[in-house]
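Order of writing sets the chain letters: A, B and C. Residues in each chain are counted from 1.
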């Protein structure tokens, strides 16, 4: 079957890029130093790639829509607001900014805490639907972003440089210990999604047919939103906001593979995401010689791709 | 009983006058009626260079953006549409950033042209897309619009990042009437003809909002009217972004609240939408100046908190009534 | 046997279903008929747990609906609503395979494959099984969805307007399949249907509703009288016996 060949090719390409990323320029003398720097970075890229693509895919399923991504819920603005607030209150040299693990814990706790409060409030009401929840998220996101802009205005330009580094996703200053710590919850989330893959397939048929087939749609949506929140919050706090990356990988996966099973789609889009991100990082580092701008490039490319999809009415 | 149109109109006028006076006399530098009466030169200067331009800018931006929101809602047949949920504002910001970088001349009209063209082209793309959309969930349309806006602002950020303007851009785009001075806001007067054109075509826009086939059946040029509407909306949004910055929610909240109270007759509610837009912006501006007096909180902050709360109420209320 | 007793449903101030009681037996096709807005579809979706009821009681195989586990119930009761917009590109076989989800949770066993083949054969879709849904005509697509329900192989089958927008040939084929399900395989088939002559020809029992209330129910012969039909639809009816079928003529 054609899908199978494409998948094998993708897998091989992925391995090749990863090997190139890890192995380039290694010698017997320097391998310890390079490996100790490259492995956490690679792990961060892989974790972020897989998380973002899987959460976007599942998000599109539960919203039954092919152009939305969870970033629309305003996580990026909230993340920015948290960082700006920390800088305004305690300055860039304080422990909440300078210490990556503490900063990570604060960001994660606030993001998941707020998202879950919103979900709890929303799902406990009657007659809810997922789009209204999204619109609520978007409105809050826009409020956060106004507040963040106000705080940015107040920040001293010298201190702003630190904040700007956090505004854009980067794999260069990822903390080693942090990467190993977050891999456990992320792998758990991913495992849960893979385990529920067949149930997610049923959601393609719409809520009534899903109920008829014994799937409790609202409960499934609630659980998925929870998992997606955790994944997005962790990956945002880990590498920074990457708005459109999920959109690109999921759309491309759908264009390349004629699958509808989540089991395969999750794996394929994860591989594609790793391939794109690792090769993108490699190109940015080695060819273009940029330092931290990969997320800006991702958003630019992803945004243009989104516009193309809109223009072609392909969504 | 007392709520005759005449009473409503006079009440409205009194309230507007009161707010306008508060706007004129609240500010960092002291300004008293007495000083003006005596012809104090400094007082007059504050009044003519800063306070009156500020008041006029508020009036024009508030009215213009509310009317723009109202027109947008007719064009895409969705109550949650507005310049800020259809990407118009984000496209205008893109035009602004591009203009700042690529246009070396200082001529205001050149910058206005760049903002206006971006806003118009960007909005037209989205409107065309929405017209082709098969399942028009009431909430899906603004979601797609906002996604689209995010994409556009990612592109703006990319450009700003390349030219090391990220913090400057955040300051530019945050709406703030404090920077409005005599000489830099006069372009906003163009919003007046835009609103009058919208009023003149009100019935046609109403017909559009029922649907393409309905409008065509009445002998109207559907695409032509849609394009006219987009041009008006883009022009108003471009003017507001250029002179004031991004004022979120206003085009969304005001038309919805007015329609809630006064029904959907466009010709009748359009002037009231403009009026309440002015009142809301004035009120938020005055609040922003009072809270941490003598400093100011930018109006964008105040309005996004008040407007955000109102909008959430509207969404939830909408759901409850099915 | 499914029994509904005194079901009520109110939307806003509108009472859509009003004290409706009825029973659906195995081995029979029960058709719910009535004018627009009679509450037929609401009743059907309450009986098949798609819509929550305001009050009243539903017992399925002698167990109250609220005591059923949703996943377990899916092996006993299936339901198909009218509008089935599927965003994804499924082949017919893939769609039908979803019917086996309650039994195998997505991991198809050889027995599942047999049931899928069987369902495809029953609806005459075997030749089309590898076509994608968007390549089919409206009638064929509806057949595919019904095949999914057939593959689910449940004791109770609920269908909301299965003949909507279908041509005569597809309508007759679908009704013949439903009749086989009921008479040969002993299932309880419940349909909401607009065409009263289709109901009269293929159903065993009729339930007639008007303004949320059950006006009359029973065998086709009991319900299908000129007086009762005229009362329900507010226009004069003439009922003729042609062969062994009753045919309503209501063209004034």
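Criterion: a residue touches a chain if its C-beta (ideal position, glycine included) is under 8 Å from a C-beta of that chain, and two chains touch if they have at least 3 such contacts.
Labels paired with UniProt names: A, B = ABC transporter permease; C = ATP-binding cassette domain-containing protein.
Note that the coordinates shown come from a computational prediction; the quantities given were computed from them, not determined experimentally.
Visitor: Using only alpha carbons, which chain's centroid is the nearest to the whole structure's centroid?
Guide: Ranked by how close its C-alpha centre lies to the overall one, first comes A.
Visitor: Among the chains, which is located farthest from chain B (ABC transporter permease) on the basis of C-alpha centroids?
Guide: So the farthest one, by centre of C-alpha atoms, is C.
Visitor: Distance between chain A (ABC transporter permease) and chain B (ABC transporter permease) based on Cα centroids, please, to the nearest Å.
Guide: The answer is 33 Å.
Visitor: Could you please state the distance in Å, as a whole number, between where the Cα atoms of chain B (ABC transporter permease) are centred and where those of chain C are centred?
Guide: 52
Visitor: How many Å are there between the centre of chain A (ABC transporter permease) and the centre of chain C, using C-alpha atoms for each centre?
Guide: Taking the average C-alpha coordinate of chain A (ABC transporter permease) and of chain C, the gap between them is 44 Å.
Visitor: Would you give the residues of chain B (ABC transporter permease) that are in contact with at least 2 other chains, written as numbers and ranges?
Guide: In chain B (ABC transporter permease), 322 touch at least two other chains.
Visitor: Spell out, as numbers or ranges, the residues of chain C touching 2 or more other chains.
Guide: 85
Visitor: Of all the residues in chain A (ABC transporter permease), which ones touch at least 2 other chains?
Guide: Touching at least two other chains: 65.
Visitor: Sort out for me which residues of chain A (ABC transporter permease) touch chain C in the complex.
Guide: Per the stated touch rule, the residues are 64-66, 197-199, 201-202, 204-206, 208-209, 211-216, 258, 260.
Visitor: Which part of chain C faces chain A (ABC transporter permease) closely enough to touch in the complex?
Guide: 45, 48-50, 70-75, 77-81, 84-90, 94, 98-99, 101-102, 105-107, 149, 152
Visitor: Hey, which residues of chain B (ABC transporter permease) end up touching chain A (ABC transporter permease) in the complex?
Guide: These residues of chain B (ABC transporter permease) touch chain A (ABC transporter permease): 80, 84, 125-126, 129, 132, 137, 139-140, 142-144, 146-148, 150-152, 154-155, 157-158, 161, 166-167, 170-171, 173-174, 248-249, 297-298, 300-301, 304-305, 308, 311-312, 315-316, 319-320, 322.
Visitor: Note which residues of chain A (ABC transporter permease) are touching chain B (ABC transporter permease) in the complex, please.
Guide: Interface residues on chain A (ABC transporter permease), with respect to chain B (ABC transporter permease): 65, 67-69, 71-72, 125, 127-129, 131-132, 134-136, 138-140, 142-143, 146-147, 149-150, 152-153, 155, 157, 160, 164, 167-168, 243-244, 293, 296-297, 299-300, 302-304, 306-307, 310-311, 313.
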